[in-house]
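First subunit A sits with subunit B, and in the next complex the same chain sits with subunit C.
What follows is the complex of A and B.
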């Protein structure tokens, strides 16, 4: 039987990156901005997005210098496998933790809205089944699913029009970056930056694209589309709530949806937040995919679906660690901070390795 | 006393080794076994009268005629042959011919010499007569098609456009197709499917428009079918699809020649099975099942509105009842207070939880539909009316169910019938039950999770190596104009991307 002919193209990469960056921190984003950046924090948010673009640029450099070779190929050209394998395993375990904490956090927030008495691990188990169902498919199918999920969720940005009536420009302060309750620090700005996490997984797409795929065009556009979508929501929240209101709201976006009343439906946040399970699924699956790719590098002869099963099982059991929302938020913040460091360190290390390989004349070539 | 069960080995070690080996087998790939046996082709035997008589032993519908004047033996199946061709090609020329004259007669082109016993048997089964003359065997086609004449399709009716439908006879169907597409580029390939029934299957495609790789792949798949008998094209497509366990149909089937002709021109491949009034089309995507030939016979704005209506129908079918269950079980706060009073009043008398209530009503509707389909038309209508009254009024008055659920279930059922493909409509109605159960267990979240699972499944489904979600994913913007809407003809300049045609632009044939 013929195999599916389609390959990843720029459109699917754009939407895959969009969905991967659409992580759970989005619902608390206006508060994070207010706490950490202060008045008119959306400008700081844009500045951080530019920083993320620079980070993507570093990955582009790796792709160009490595001539399409996968990150594993590059590293193994310079260092022996015995050194690299423990690193892969460590990173894989870390990504499993990230996947699990991101996935579980969503359900703990969901419990605030409904199903307070249901065991969150039961819901998380069902979610893990979904993760497994998607993970056993290849990256093309994951991107196809992400495309459909994108169209199923993007319309929710349009719900912001319902807030226009009560939206006041006067709620935007003329002051810049003032009243940040947490104070300005590298770490606090980084907390806002964590919302962009997900683009770094583009490094695992290198082997699945060709020159025609225009990988980095897709990554850049995807990153800026999610930036604009989130900016619309942030600006709506800034003009709808006062500065201090946002500060006191745990998840301002959920509250924003709470006020929408249609003739046939109220409290639409119940529906929209449930719909976010699609975005949460793609984020979790993409981190699992990163872990899977790293582990597969160390044991390539494993039968299909076995490793996926092990990874999803680990994701499920790791889900037992965060027991309540506060703990989950803390753990999520920790893993996302670490992920931010990894996102910057990996391309820098790879560029150094590639420069070294260039000197030695051993740069791998995977161009097609 | 310490017993060592295996020579020099501890039982624990053996057990651990066993577990380890099983784990290894579970996780890692093993080398391929080389014990595959390839079947040797059988040698062709020369046809002999005794051999043929032996083959058709105990068949009352088998007839042998002898003409001693010219030493000719003829065998055929009388119920398959027509009296006119029999008279023209057998009785008239041979009844008074001498041996020399017979030799001249058999030089005519309709008498085909055969040297293969299998071919001879097959020819007789196809309605040909086998003629044994000296040590030579000839086949002459004296068959007459058995079956109904071209008539309107009962399952796929249209308001505007041609009303003719395919019938069970393969040659008639091919004739209808040839009349629709008068081109030498229309190619047809014949196969025999079914180890016992040997049903004729014909593939048709337009050369230089259809993707040749796809044609070859389909041929290979049909040749590799190992099944006793294939009775219908809906059965054949299940034997050649890539995802046999999927609930969704992967090949579109239709009884409408105009639909088949337009698909062929769009670069698709179609297949006919002898004895089946439905032809199948491939490659097909999920959205093809929502388009009807009607769409193209109406103004494009109207055609588009109808197509959008069908997609709305799909959304209603899949989610309306499930959403009712979700809201009435877990999310009462979502109902505006103006509606809330009516709903609570209506639900107050109902003794069941919404999930059970919805499942009961949905099952009743399905029972009614199935009963209506199995019974003769007139009785079916009566059942529909009686069932409608029982469900519509009596059930509510008896406090068995709420008014709002009746509206929801009825709307879902009506919406499901807007989908032109009966098989797709039935598949969607089936997965709706999954959604209702999940909505009853986890409310809106369960509903979304179930929809997510359906999307994941659909993303993995392929048809002839093309994605089932084309042109949405992989995205093809120009094809979208003929997917969710029916674009104007001046906008439909490209053949569907799913066909992967080398002649991408319509109205042109690049050599």
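What follows is the complex of A and C.
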């Protein structure tokens, strides 16, 4: 029986991008904004989201100019495989590191709240099993899982109503971008920008969509839905905490949850934070998927599930590198900085290659 | 396949077994008290903890003179046969003497503990907090910790006292242009009583709002949703005209009317508008509540009375150079950042011209016509 290859649709793409952008930096986001942008930093956050939209626009250009060809097809049309393969391998290893550091960071934070004395690698092993279970499925199934996980996490934005009673506009300031303790610099603003990382993986979705999929409509909407969801949380934090209080908190979002008290339950941060393991799972899986796609390009004839197993094993063992929360935060910051550069460099290079191919009269091979 | 599945299920299910927290083997600290007695060395304090027993009727109280929280904790650990945990900590009490030296270093270590919730009440105890916790004969609650928790929650909900917890204290301590406040409790023969609001300068206890003034302070400090206000309309007369506004709601607004040239020594001008509405369920006096004109007159009398009280309270706060009302937040927002940071805010605040304007509206007069 011939399997019908399912293609992604705009709804699934929207939610997949939403979930991929919901990375672990979200929990420290209000602090990152206060430290790096300062007063009314939420405006800076919006400006950075516009910049990310521009970055997505670059990917759209690549998609349009390449007529749906995958990034590998575009590159291999211009450069020999021998040149490109080491680049793919390097990128794959980098994405494995990103997946691992993101996944592990979550559990190191989790251990601050629960399971303090359990070996974090043991919990991480279970997490890696879930990553493997998802990775051996195709992107269509990953996106369906992301849709379920979206509905399991999106309701948490509604919890901000609990902060409304203590929310005061006076805690905002009329001054723009003042008192940023880290000072204003390209690098510091980029630290806030790293929270958007995830949308760049849309470049690996090119072979899995048709024109009907409206890929970029989904990516743009997904990006702006997460921007708005996070903006609601940021504005809540800015009016609920005082400016310097946010600076003092490692994960202000966990402290927001801490205050919520319902008649039947309080201290719900333990419960709600655990729900974000699903968001974290999608982020980790998507970076593994990126690594898998890159490696598959170099060795397409490997038996099913072998590469997935190798990648997840590498993710697990890379997880031994960050042992402490501070160290994990630093490593995560480094990979996300690099990922930001990659997110901008890749479409620029691809556009240049496509222009060069156009000049030469070549068309990338678009066979999937 | 089945073996694999069983292994996977076992792995997932048994993960939790590595980190056990057995309720029966845990000692839940309900209250911590820090205190300083006269004659104690400068670098030491008395730390007292109250642990609710599993029958929820009794409490175990430990107390020790220690140099730090951790020092005290290790002492308690050596005495208690259950593992001490802080997840159910509901309040921290500070003795008056210790509070005058500053309480932030103690709160900071409590804030760091992820087990401790930010709703934990921060309270100043006028009497010996050790004795407050040691007593187990309050008719109002099974243990002192439970009693204090419900007492503070009930009063704060009505708006009589500001809800002073770890979150509000940290928020106002960190913010520029506002000082934190906490509730004061005092021990009586058969109960504990809320004895006003503690005023702080940064983290140092500098004075109190008397319990009789706590509602006026509430009107100045926050929006009240369901309070009761008892007024002696003519305190200087013997005829004792009295009114009581119930189910009171209030809304306050602060306007900085002049903040220019503060660095050159010009006086700061601030207007506070407080709108009050409530039901008049008790009135002892000569006015006839049937007549609309006299109703207006009563509103005016109530307005004047509240305004006088509030103005005098603001003057007291200015004298103590403490700004729990957050006037500084509005001034800070009206000035360039550099000017605010160069300002000697405490001095400017103490000299400021702060006017309080009260507007009163009586919603109804109960179910009788007069």
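Side notes on the structure shown:
As a convention for this text, the second predicted complex is superposed on the first by the 358 of 368 C-alpha atoms of A that agree within 3 Å, B and C clash if a C-alpha of one lies under 4 Å from a C-alpha of the other, contacts with A are read in each partner's own complex, and residues count from 1 in each chain.
Heads up, the rule we're going with is that a contact is a pair of C-beta atoms (placed from the backbone, for glycine too) under 8 Å apart; a residue touches a chain by one contact, two chains touch by 3 or more.
In this text the structure is predicted, and so the values were computed from the model without any measurement.
Of the two partner chains placed around the shared chain by superposition, subunit B is the only one that A:278 touches, whereas subunit C remains out of contact. Applying the stated contact rule after C-alpha superposition, one finds that A:149 touches subunit B and leaves subunit C untouched. With both structures placed on the common chain, the touch criterion links A:264 to subunit B but leaves subunit C unconnected. By the touch criterion defined above, A:199 lies against neither subunit B nor subunit C after alignment on the C-alpha atoms of chain A.
When the two complexes are overlaid on their common chain A, residue A:123 makes contact with subunit B and with subunit C alike.
In the superposition on chain A, contact of A:170 is made with subunit C only, not with subunit B. In the superposition on chain A, A:115 contacts both subunit B and subunit C. Of the two partner chains placed around the shared chain by superposition, subunit B is the only one that A:12 touches, whereas subunit C remains out of contact.
Using the contact criterion defined above for the overlaid structures, shared-chain residue A:95 touches neither subunit B nor subunit C, since it reaches no partner.
The partner of subunit A that touches more of its residues, comparing subunit B with subunit C, is B. In the superposition on chain A, the residues of subunit A touched by subunit B in one structure and by subunit C in the other are 114-115, 118, 123, 126, 261, 266-267. Chain contact summary for the complex, subunit B toward subunit A: residues 26-29, 213-214, 217, 221, 242, 330-331, 333-336, 339, 442-445, 447-449, 451-453, 455-460, 462, 464-467, 469, 472-475, 500. Subunit A meets subunit B in the complex at residues 1-6, 9, 11-12, 110, 114-115, 118, 123, 126-127, 130, 133-134, 137, 141-145, 147-149, 151-152, 261-268, 270-271, 274-275, 277-278, 281, 299, 301-303, 306-307.
Chain contact summary for the complex, subunit C toward subunit A: residues 8, 11-12, 15-16, 18-19, 87, 114, 117-119, 167-168, 170-172, 174-176, 178, 326, 329-330, 332-334, 336-337. Within the complex, the subunit A residues that touch subunit C are 39, 112-119, 122-123, 126, 129, 166, 170-171, 173-175, 178-179, 241-245, 247-248, 255, 258-259, 261, 266-267.
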